[in-house]
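Right after this note come the structures.
Two complexes are shown next, each including subunit A; its partner changes from subunit B in the first to subunit C in the second.
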Partner chain A sequence: MGPREYKLIFAGSMGAGKTTAIGAISEIPPVLTDVHNTDRGTHAKATTTAALDYGEVTLPGGDKLRLYGTPGQLRFDFMWQILAEGALGVVLLVDNSRPDPVDDLRSYLRAFRQTVAGSRAVIGIGRTESHPLPALEAYHAVADECGVTVPILSVDVRRRDDVLLLLNVLFMQIEAFESDLVEGVRA
Partner chain B sequence: MLQQPNRRTVTTVGLPARKEQLIRSMLLAVTDQTFDAWAFSEEIGADVAICEVDSPLASVTVARARHAGRPHCIWLAPPDIAAPSGRRLDDPIVSRSLIALLDEVSSDLGGDVPAAAIRAAAPERPVDSGVPFGSMVRDLLAQGGGARIVKNGIELHLAPAAGQIRLSHELSSAVAQRLLDPADHARVEQPLVPGALAVLPHAARQFELLWLLGLAGGGDRLLAPLTDATPVVLKQWPDFGRLSPVPVHMQLTARLVRRPHTVDELSAVVSASLPDVRAFLNAAALCGLVGTRPTPPYPAPDQPPAAATAPRYGRILRSIRSALGLGGH
Partner chain C sequence: MTSMVFEGHAVREQVCLASITALVEEHGDVAGALVSTVDGFPVAAHLRQPEAAPRLAAMTSSLVALAEAISREAHAGECRDLVIDGGTGRVLLMDVPQAGGKLLLTVLCAPTATLGQVLWAAQHCRRDISARLEATA
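And then the complex of A and B:
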């Protein structure tokens, strides 16, 4: 059997740090597809991801972990679930400095409903130091509204340790979910 | 030999939502300081009903209590307003009055151990675990008023209304240990003098302080009303982005947000010592994250994974952790 491939998805609003997060853990320089941002009304960022960002990590035995960053704009939401198919999990990143970041999360929880329900999602809220509001409670309320319990962490994805923390939490959820399945518990 | 606390319930009658919410919060904050374990209940058949003195519903409740023998009705009224005969609680409510009143009711209900005797016996309780200091801070924060605390050379200013805590020292596990040192008594001043907050150099978040106090309190016992035999859940994930988590805390959380576990079960499934599990639960309890009822279930995916007979992801995740240098298991 040849080397196997696994994928992780980084999704979230424009400017939330998907490209940065991938760059923090990828062993190759991320393949970026940033272009000039023509959607300045939504976010002041000069460039944005128009297709996909890509990074990778070689695993023991030659297997590959492929890291994909989705385009942030809502008009590309049709791509998100396609990308999530077969993924190990999804890291949802939210920029707390956006006009309505809580609603951003609502959109992403809906778009990735199945993945989140399968305990294969983790949420990172960025820029909480400079923009402490909304507080994390507001995001937990949205998760409750969507009927899911999902880890929501304040992070700065420029720090590799924070990106690793998100992945560790994601993996521990997957393990707990799987352990319940193995034990025959439908929590 | 100390008794296990009885579980008692409190409801409210005719109170505005804001006051009811305050009572709910205060019950969470004072429950480990009362003889019995008190919790809020929506049921009129609760052990105690705190009744708004002006509410017509209150007289109906009192009449019902005469026939049914419960609830014990307590009138809530400002000090200058007369209330019908019986127990009363002054509005605004302060936690020590609430504790005293609940202990009086416990004495009536339980009979054999008067609250005063429990207070006198307090030194025999394992207070040296440090948890009571954490509970006191949680209580002060829940009350919403400011406070200045000095203990063991550390000064702490609480301003929950402003969402701020300031300290004379940078918050750390070592500082939390010093705050819990039973050899030194805390001096508490209320309210906080205006402008005092800016004097201390180090800021911290409420949950960071409570989390560290819970962990530093040790794991000899759980905060009341939790017991080793009580299956508990976590209502939500703590913000591990702010808490310098250790892997076992994340593993415990991943289990506890899914379904209830007892201390023994948790210790077995994550291979952690009982004191470590208890310390984690105390930290989570101080932060208000622990519940005793199951969380709403995770909705099943539309196409759930086929029933597994062996872990599918264990090897893959170990491999990824190894490649990324992640400590997990």
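And then the complex of A and C:
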């Protein structure tokens, strides 16, 4: 069997670090659709993703990861559906400095429920060093409430190793999902 | 037909609304028009279904940003206009240069519209908005 290609998506609120995470690990210059952010009340950053980010990573065995970042704001939810089509897994990023980050996670778990189903997801909580609360337990409670069992890690997506850790964990989730499928077929 | 302006810079919104209202009323083939920010917020709308404005604004932002990415990838220079050729109508998307950061113009065209005619009218509207905003700056 030749090298496989996997489509993965990065989702989460505006400013959670989706563009940064893809930029930290992509081996090609990422495709960006950054535009001027006119909504400084919601987030102070100068630019925001309007359509998608795109990056690529080749794994040691030759398999390729195609990484798609989504725009964070709810008004771009039509892009979420387009980008989630055919995705094998999702990295959900949460910004712990936001007013209600636990509710952010609840919203994105619901929005990406089809990909999250089967636990093909990993959750990365950012800015926990400056904003230690809410604690990870609060996020686990929300995941339970949404009926999903997925790993939740504290990460700094500016660090390449942290993003690679997220992807490694996501792959373990995906492999577990696929082996469950195979066993289901055999049974 | 309903005209709407959205919260923000009142002068900018009135200027945009006047220009797009003229575009729609003077050209029978133009079914509606919208001005929005580059990050997808409506500024002024003259549409049959005004409730569509926020969603159209966000979609325009995504499509123009993507078209710009493709232009960069293809070394095609700056992307100015985007034409969506539908089975029962056309949609024109274009940028509106202005000093304080550009705006975006979305023009909905009737199925009977001649592309050259509506493109010319929309480009005139774009220049009109830029000139009026410059005059009020």
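Just so we're on the same page, the second predicted complex is superposed on the first by the 171 of 187 C-alpha atoms of A that agree within 3 Å, B and C clash if a C-alpha of one lies under 4 Å from a C-alpha of the other, contacts with A are read in each partner's own complex, and residues count from 1 in each chain.
Here is the rule we go by: a residue touches a chain if its C-beta (ideal position, glycine included) is under 8 Å from a C-beta of that chain, and two chains touch if they have at least 3 such contacts.
Keep in mind that this is a model prediction, so the values were computed, not measured.
J.: With subunit A superposed, do subunit B and subunit C clash or fit?
T.: Once both complexes are aligned on subunit A, subunit B and subunit C fit side by side.
J.: I want to verify the contact counts: of subunit B and subunit C, which reaches more residues of subunit A?
T.: B
J.: Roughly how many degrees, to the nearest 10, is the angle at subunit A when you join its Cα centre to the Cα centres of subunit B and subunit C?
T.: An angle of 150 degrees, rounded.
J.: What is the contact status of A:V31 with respect to subunit B (first) and subunit C (second): first, second, both, or neither?
T.: In the superposition, A:V31 touches subunit C alone.
J.: So, A:L52: does it touch subunit B (first), subunit C (second), both, or neither?
T.: It touches subunit C, and subunit B stays clear.
J.: State whether A:F76 touches subunit B only (first), subunit C only (second), both chains, or neither.
T.: Only subunit C is touched by A:F76; subunit B is not.
J.: With the two complexes superposed on chain A, say which partner A:A176 touches: subunit B (first), subunit C (second), both, or neither.
T.: Touch partner of A:A176: subunit B, not subunit C.
J.: Just to confirm the value: shortest Cα separation between subunit B and subunit C in the superposed three-chain model, in whole Å.
T.: Least C-alpha distance after superposition: 24 Å.
J.: On subunit A, what residues does subunit B touch that subunit C touches as well?
T.: In the superposed arrangement, which is not itself an observed complex, subunit A uses no residue for both subunit B and subunit C.
J.: Which bits of subunit C are touching subunit A when the two form their complex?
T.: It is residues 37-41, 54-55, 57-59, 61-66, 68-69, 73, 101 of subunit C that touch subunit A.
J.: Could you list, by residue number, the parts of subunit A that touch subunit C in their complex?
T.: It comes out as residues 31-39, 48-52, 71, 73, 75-76, 78-79.
J.: Within the complex, which stretch of subunit A touches subunit B?
T.: 6, 25, 57-61, 63, 65, 88, 114, 117-119, 124-125, 136, 140, 143-144, 147-155, 162, 164-165, 167-169, 171-182, 184-187
J.: For subunit B, which residues are in contact with subunit A within the complex?
T.: 236-237, 239-242, 245, 247, 250-251, 253-255, 257-259, 269, 294-305, 307-314, 316-317, 319-328
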